[in-house]
Structure formats: C-alpha cells, structure tokens
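Data block below; observations after.
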Amino acid sequence: MHSRHAGLTYIVPAFALLGLVLFSPVFYGFWFSLFRIQYGAPTDFVGLDNFVRLLDDPTLGGTLSRSTVFTVFAVLFTILIALALSVWIHKLGEKRGFIVQMIVIVPWIISTVVATLLFRWVFVNDIGLALSLARMAGFNDIRLLNDPTSAMTLLIAVSVWKRIGYAVIILLAGLKSIPDDYEEAALIDGANSWQIFRRITLPLLKTPLLLVAIVLTLSNLNTVETPLVLTGGGPGNATRILPIEVFDRAFVNYDLGSATALALVMFLGNILLVLAYVRLAKWKT
Amino acid sequence: MNTISSNRAAAAPYVVPAKRRRHLIGVSGILIACAFTALAVLNLLPLIWGILTSLKAPSDMFRFPPVLFDFTPTLDNYRRVIESGFLGNMKMSLFYSATTVAGTLVLALPAAYAFDRFNFPLRGPLFLLVVASIPLSLGAAALLIPNYLYFTRLGLTNAWYTLPLIYTAHQLPMAIWIMKGTIEGIPRELDEAAIADGASHFEVLRYVILPLSRPAFGAAGVLTFVGSWNEFVAGSVMVDSPQLRPIQPAIYNFIGFFGREWGPLTASATLAILPILIVFALLGRLIVSGLTKGSVKG
Amino acid sequence: MLRRIALSMVLAGTMAAAIPAYAQQTQVRMWTFLNPAGTTPREVALKTIIENFEKANPDIDVVVEPQAWDQMTPKFLAANNAGNAPDVIWVVTDFLGDAIKSGSLASLNDLFIKDWSEEQVADRAGAYWDLTNVDGVQHALFTSRNYISIVYRKDFFDEAGIDPASITTWDEFLKAAEELTVKDSSGQVTRYGFVQGFSENQADPPMMIPYMLGKGAELFNADGTANFASPEGVEALTFQTDLIKKYNVMPEAAVSWTVDDVYEQFASGRAAMILGASVRVSTLQSQLDKDKVGMMLWPGSGDMAHSPAVMAGWAVGVWSKSPVQEQAGKFVDYMLGPDGDKLWVEEGGQSPGLVSTLEGLGDFPQQPGNEYLQVVSEGSAKYGWLAPIDFSIGGYRQSLNKAAQAVVVNGTDPQQALEDAASEFDRANNR
C-alpha cells in the first residue's frame, strides 16, 4: 500500500535500541554460558556442558511441572477476574469507573517486594490483622504457609492479586476503543448482554487479550520476587518454581554457569510459548 | 464497511442507555457489590496497613493483638527516610521514568504505525521479534551477571543515560503492541482521505493517527511509567553512584541486612506510590474517557 | 585585546594553582550495604568514621556507594573481571573463600599490617583473624561480627523464675522451654518457649548445627561434601523437630518463617526464646525495652559447657587491582582500627573487634541492656564456629532447613531427610 522502505525507516530507531539493550546481551549471555564460570569470570571453554548438567538434575522436572501448574492457574484467574472488572468499569461511566480503576491498580503500583510483604503481613502472618480477627471469631489452627497445597494456592492468589491492575488497564483500553455503535446496533437487534459480549466484544478484544495473556504468562514464569518473599519455595519443594531455581543457582550456590544456562533455556521456552500463543490465536499481524 | 463509517459519523455522544443502567440493580447488583467490597478490602487493606505502619514508632509496631488506630502517630519514619536522601532518589526516578515514557512513546508510535500501515520486507518476522522480546524485558534478573559484564564492557553503566536506555528498551515491545492494536482500529479510509488531500506519510501519522491514539497513549504511558518506576534489578546493578540511584533500591535498602525496618520501609513505599497515583490521575483519564467523538466526520 | 590576554593568563594561573589541590585528592570508592546518609546507629557510626578520617587525611575523599547486600559480593566479583570494582569492598562470610581465591582481594600485609607492632597484631587474635589468613597473608579484616545463639526475654525468665545461666544441657533447655510456653484459657498457645524459622528465604544457621557440633560432629568432610546425615546430625534434627511435633514448644507455622518473622514474633511477645543473632539485639531493644532482651550461649552437650554457635560477619578487603590501594588500605586500617572500633561499638551498637576496645569500654557492658556484649565476647572467644572457606558452602543452611521442613510437614524420617539434603547440597555445589 505504501512504499516498501518508508516503513523500515520508521522502525529502525526502535529496533536499534532493542538490539543494543535486549538482543545482543542474549548472544553475550549465550557465549558466557559456554564456559566454566569461576568467581564470576569465564575460564575454560566447556561447550554445552552447563546445559547438559541441567539434565542431570533430578529436581528440575518437578520444578518445571510446578511452574506450569502455577502459571496456568495464575494467568487463567487473572484474565477472568480482570475481564469481568474491565467490563464492569466500562459500564460504570467516567467518574465511578475512575475510582474503581484506582482501587484496582493499587496492588500493582506498589513495588513487588513491599506489596508481597504487606500482603503477607496483613493476611498471612499469624500476628497480622486477618488471622487475629479469625482467631477472635473462633477459627484456630489455620494452616497457610506450612501446608503444601495451601502454600501454592496462596502463591497463586498473591500473583493474581498483584497483576490484576495491569490486565485491567490493557483490557479497558481495548474495550474503550471498540466503537459503541457496534453494541448499540446489536442491542437494537434484540441481542442480550451475554450474546453481545461473546459475539462482538470478545472477538474485538482479541489483540489486548493476547497481549495480556502473553505478558501474564511470561511474568508469572519469570518473576522471582513474589514466590521468594512469600514462601521461599517451601514448604519442602511445594512452591519451588523455575525463577527460584535460577536465583538459587546464581546467588546462593554461586554457580553462574548453570544459572545462565537455565535462564537461557527458560528464555527459549518463553519465545516458543509466545509463538505458540500467537499461532493458537490464529493471529494475523 | 461503509455502513459502519456512516454509523460512526452519526453516533451521538455516549450516554448509558436506560436499558443497560437498569441491569445493574437487582440480584446481579448485589453480587457485584459483594465482589467489589471483597476486592476493595483485598486491595486497600494492605495499603492502609502500610500507611498506618509508616506512622508508628518501633515500640508500637509489633504489639499483639495488632493495633489499628490505638497508637500515637509519629512522622519519625518519614523524617528518617527523607534524611537518608530519599528525595534525591525520587528525583532521579522521576527523571528516568519521564524520559522513558517520552522515549518509548516517540519510538513506539512510528514503529506501530509502520507495522500496521506499511508492507515492507520481513514485516511479519520483525513483528514477531518485537513480541518475542517481551520475555527479555521480563526475565532481566536471570541474566543479571552476564548483562552487567556486557554493559560494563560497553561502558554504558553508571551514567545518567544508563537507566533511561535500558528502561525504554524494556517497555518498547509492549508499547509497540498496544499502539498497533489501537491503530488497527483506525479506519484506513481516514489515511486515504488525507493522502488524497496531499498529505505525506509523516503528516498522516501526525495529524490522523496521533490524535486518535489517545487511549493507547494513556495505557502505554501509564504502563511505561509504572514499569520503569518499579523496576529494581537494573536500578540496583547497573548504576553505582548514590546520585544516580532510583527509588526502588533505596526502598529495598530498608529490607536491610540487619532486618527489615517496617517503619521506614512503609514510609518510603508510601512516598513512592504518590507520583504513580498522580500520573495515573493525569493519564488514566485518557483510558477511561475513550475515543473522542465528533472529530471524525464523514 | 591585551586585557583579554591578561585575563586569560590570570585565569590560567588561578587554575594552575588550583589544579595541584584537585590532583592530590584521591578518591577511594567503597561498596557496603550501609548508607552514610542513613539514620540507623551503624550508619551514623560509619559517617562519623569517614568524617574523622577525611579530616585527618584531607587528600583522601572516601565515597560510599551503597549496594543491596545480597547482590554486592557477586557484583563485586563480576566487576573485578570487568575492571571497575570499588577500592574497598565488604564481603559476606559465605563468599569469602571465593573472593580470596579469585585473587580480587589485595594483601593487607603489604598495605599496612607490615607496619603494625606485635601488640597490634595480638589485639586482633581470634577465629576471625585466622579465617582471613590464607598462607600467612591477611586478605580481609572482619567487621560487624555476628554471634548466633539464643536471644531471650529477660522479663519472662524472671517471671518464671528461671536463671539462664543454669541452662547448661539440652534437657534443661527443653525443660525451660516447656515452662515458658504459655497457653490461654481456650488451650491456645499464646507464647512459645523457643522459636526459630525454617524458611529457605533468609536462612539463619538452625539450632541443629550447634547441637551436632557440640557432640563432636563436623558439618562438612574434608573434600567439601556434606556430612549432614551423621548420627549426631540425625539426633540434632530429631530434637529440633520434636520441639514442634512432640513437645509443642514451637509452632508448626515456624516451618515457613523467615528470620524476620521470628524477630517479629519475639517483638510481639509471642516467644520467650528465639534463635537470634547478636547484631539484631539493639534493634529488638529499640522495639521492646533495653532490659528485656538478653542473649545466652547454647547449652552444652556434656562434653563441653556450651555448644559452639555459628559466627559470621563481613570481611572488609581492598581490591587487588585498585589504582589507589595504598589510600584504600589506610582507610580500612582506620575504619577497623582502635578509633573506628570504638565508634562501631559505642555509636553503632556492634560487638568489639579488638581486645583493647573491649577492655577500654569500662562499665559500658554492665549498663542495662548491654550485658549481651559480654556473652558474645565470651562465646566468640571460646564457643564459636566459622564456616570454612576452603570450599564453597553456598546453600548449606537452606538444605538443612529443607530437611526440617520435610520432617515436620511430610513426616519424612530424619535420617532420610538429611541424606536427601546432603545429596542435594553436593549436587548443587558440583561435588
């Protein structure tokens, strides 16, 4: 439609920056992982040894499946709740919608570590508000973090809680850019709200939904602060997910070769996931 | 296609139709009210608790059972935070976030425009590359040490432009995608009409696309600001001088080696969310108010 | 025209006169987690130390770049490779071996120790001095010494009529813990006798370490592999977890508690004794009352009066590739010397590092709330254990905590749990 090269000039500045800051460090990181890293410096060339050693670790399989379970549930619940909230805010009009939106984004705008610590203190700590109230109401012996299942549930809940604000912003922006007359026309034609939502709104939200799904999946797969601060991976291995594994290798055992290898493998997995999402959504660029 | 454009031209300013409004009362209304209360409690209680904690003296902090209001408030924690140079960190973070927002929007809009409106070689794969670089910005912590070595070798660390460069790159993929999504919804007839009137591509971008991209600017702007404001890893590793430090490492300093000090920690965290709330108050309206009607006439 | 030439000559002359002053001021960069602009006692002490030093040495400008403590040492090692490391660095005990072996820490003998008198050397004698000595060369000097044993509520002990000095065996310890555990009318425990945390995030050395060290077992073999599952280790872990499962003096929730959670429980009066670090006592005293918080040594195993406590600290070193090593060394010498040590103790609330400081304190340790300093001094001298630096032991505390979690939550057999922990530790450290 337009001249073929004009487009390229528009994207060159963006790609130059991405190349410098995001892409080239990956190549450097890969080169770095081909060496035995001692005291933070590459020493002998060992090829893919760091990667092969990953396969020798019997715990990684469990970690991977836990990461999967965690991410699936966290993303699913975040999207469902955020979608419901966005639709509601959309219908509320400008003033009230703005207030609700402010309330919704509060957990998201507080720095992750502080937010997780606060949530933990108010809702999880046995000397915190929530459990003290529960005890006064007669509920004793509530096991939260020392039970494997409830620890994982709590981790999912906190991850959802933290990210809903972000999802709402994107979905709301998407909702607001759908012309109102589409829905008006359908209403006039006699459709009910649910049909309108399913047949008109959702398909037009495909791009924001895809963006939210991808970012939430990647964020939950890669972020270490929330699980580290909330559960530390415990009890036992119940909430030990991939980012904790990378963190431990890098900063506890100080095995940078294996940490970088694992990080790169995860990064590759991330890219494949993104491509899979795009393909599944039959999304045309 | 034509019917819809003419419908849009005829659309009246947005008013919630009476039929839709009635829907919210009744059973669904009560359900929604309950759900909203639960949401408000879950979201606001930790924040309120944090603010209350920031006003407590050390001896009041761990009283058991926990006290909500029965204590003498003190501004001591805030004084400590400010005396340790926190306002300087806030200033730096404002600088970093503002430049990141500006840089991101300036780079993302043309790129999104190009991806949607132009057909150039490798367009598909290049866009997939943008999408695929989202994990790179999210998984930054994993490749921390190699990244640090790489940037040090390039001489890019510990300068005033270090963090704006890094943050802009982190936010760019998402911003491009959001903008592209909005530009997709802008009818091409508008472009064609402008070109028929003799506009260049750039003028189309400036006078047709730009004004209609406001929700995207709002969304991308808020996301970029919050993303760079709350970024911790690069902020603590890539810069060393105290004068260049953003706020997250400064807050984190209160989760110190000698134990987390809840007083200054919550005080600094409270101070840190104020600018975000302001930015959201300014830019967030762009998201909520939606497309401006009336600027599009047949 | 002439005026302009004259003006520029005057300018040049002024600048030439000024340049020597600037050229002579060397900058010494230090990485630590303390912020001299901060308001905690230690940070104020650091600021005073720097001010005093700069006054006495106007040609040296000490610049502190505070870092996040858990990233600081890995970042330093990376910076060592990249060539832009700071001149003075604080290294955490866990990474000290790596730091020394990487050659990134200069020899302090060459810098200033060679100028010390014999008394000055003897003033430093002790386990910490020995640890930083590799082949006769001192690579770092310790500060922020930490002694990890039992922190207790004096008022609760007085109430129950128990004298902490009488607790010399583990049985007596258990008895005291049971007596100090308080239940309310509905049978709910409102105060636990002894609390420690078993979270992997923020893991302090668990009680089982002093227990097994006291019985004569070693934590690590000579080749660096873990020796957790020894009979003494199993006995230690069993005793530790029985505190939760059998004797109910520790809550099950402790399985998920971090170090900070435990201190908060203590500060809210829900624990009579906790596994505590000496560096945290001053903070606890600011939250409770000075005379309510004390420290005691671990009970003995019968062979010795008290089981050895794990000690830790921060080792301060000079970067071996620093262009200003001499000045950096001068600063380290001052900061950790008699003047600096006095400030660290009196203003910063730290335990003394020099024998002479301790002696020069007068009745400071007798003042209410400061008795713990004497306990710590005695413990550090006679009943202490420092982690070896010949091999990397990263993650050993986390592994032991995980074993405890397995026993309490999953009901794993202690022997099995320790064997799993040992093999996991070995694998993570490539042994």
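First chain written, first letter: the chains are A, B and C, and each begins at residue 1.
By our rule, a residue touches a chain if its C-beta (ideal position, glycine included) is under 8 Å from a C-beta of that chain, and two chains touch if they have at least 3 such contacts.
Since this is a predicted model, take the numbers as computed values, not measurements.
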Two candidates, A-B and A-C; the one with more touching C-beta pairs is A-B
Comparing each chain's Cα average against the average over all protein Cα atoms, the nearest is chain A
Per the C-alpha centroid definition, the whole-Å distance linking chain B and chain C comes out as 39
Cα centre of chain A to Cα centre of chain B, whole Å, reads 15
When centres are defined as mean Cα positions, the distance from chain A to chain C in whole Å is 36
Residue numbers in chain B touching two or more further chains are 62, 64, 144-145, 149, 252, 260
By the touch definition above, chain C meets two or more other chains at residues 71, 74, 78, 81, 264, 268, 270
Expected list for chain A, residues touching two or more other chains, is 40, 127, 250, 256
The chain B residues in contact with chain C across the complex are 58-59, 61-64, 80, 83-85, 144-145, 148-149, 152-153, 157, 236-237, 240-242, 249, 252-253, 256-261
Residue set of chain B touching chain A in the complex reads 4, 7-8, 11, 14, 16-17, 19-20, 23-24, 32, 36, 39-40, 42-47, 49-50, 62, 64-66, 68, 107-108, 110-111, 113-115, 117-121, 123-124, 126-128, 130-139, 141-147, 149-151, 165-166, 168-170, 172-174, 176-178, 180-182, 184-185, 201, 215-216, 218-219, 222-223, 226, 230, 232, 248, 251-252, 255, 260, 265-266, 269, 272-273, 276-277, 280, 284-285, 287-291
In their shared complex, chain B is touched by residues of chain A numbered 1-8, 10-11, 13-15, 17-18, 20-26, 28-29, 32-33, 40, 85, 88-89, 91, 93-94, 97-98, 100-115, 117-119, 121-123, 127-129, 132, 136, 161, 166, 169-170, 172-174, 176-182, 184-185, 187, 193, 207-208, 211, 214-215, 218-219, 222-225, 243, 246-247, 250, 256, 259-260, 262-264, 266-267, 270-271, 274-275, 278, 285
Seen from chain A, its contact residues with chain C in the complex are 38-41, 56-57, 59, 125-127, 135, 140, 143-148, 151, 228-229, 231-237, 248-256
In the complex, chain C touches chain B at residues 31, 33, 35, 37-40, 42-43, 64-69, 71, 74-75, 78-79, 81-84, 86, 259-260, 263-264, 267-270, 279-280, 283, 286-288
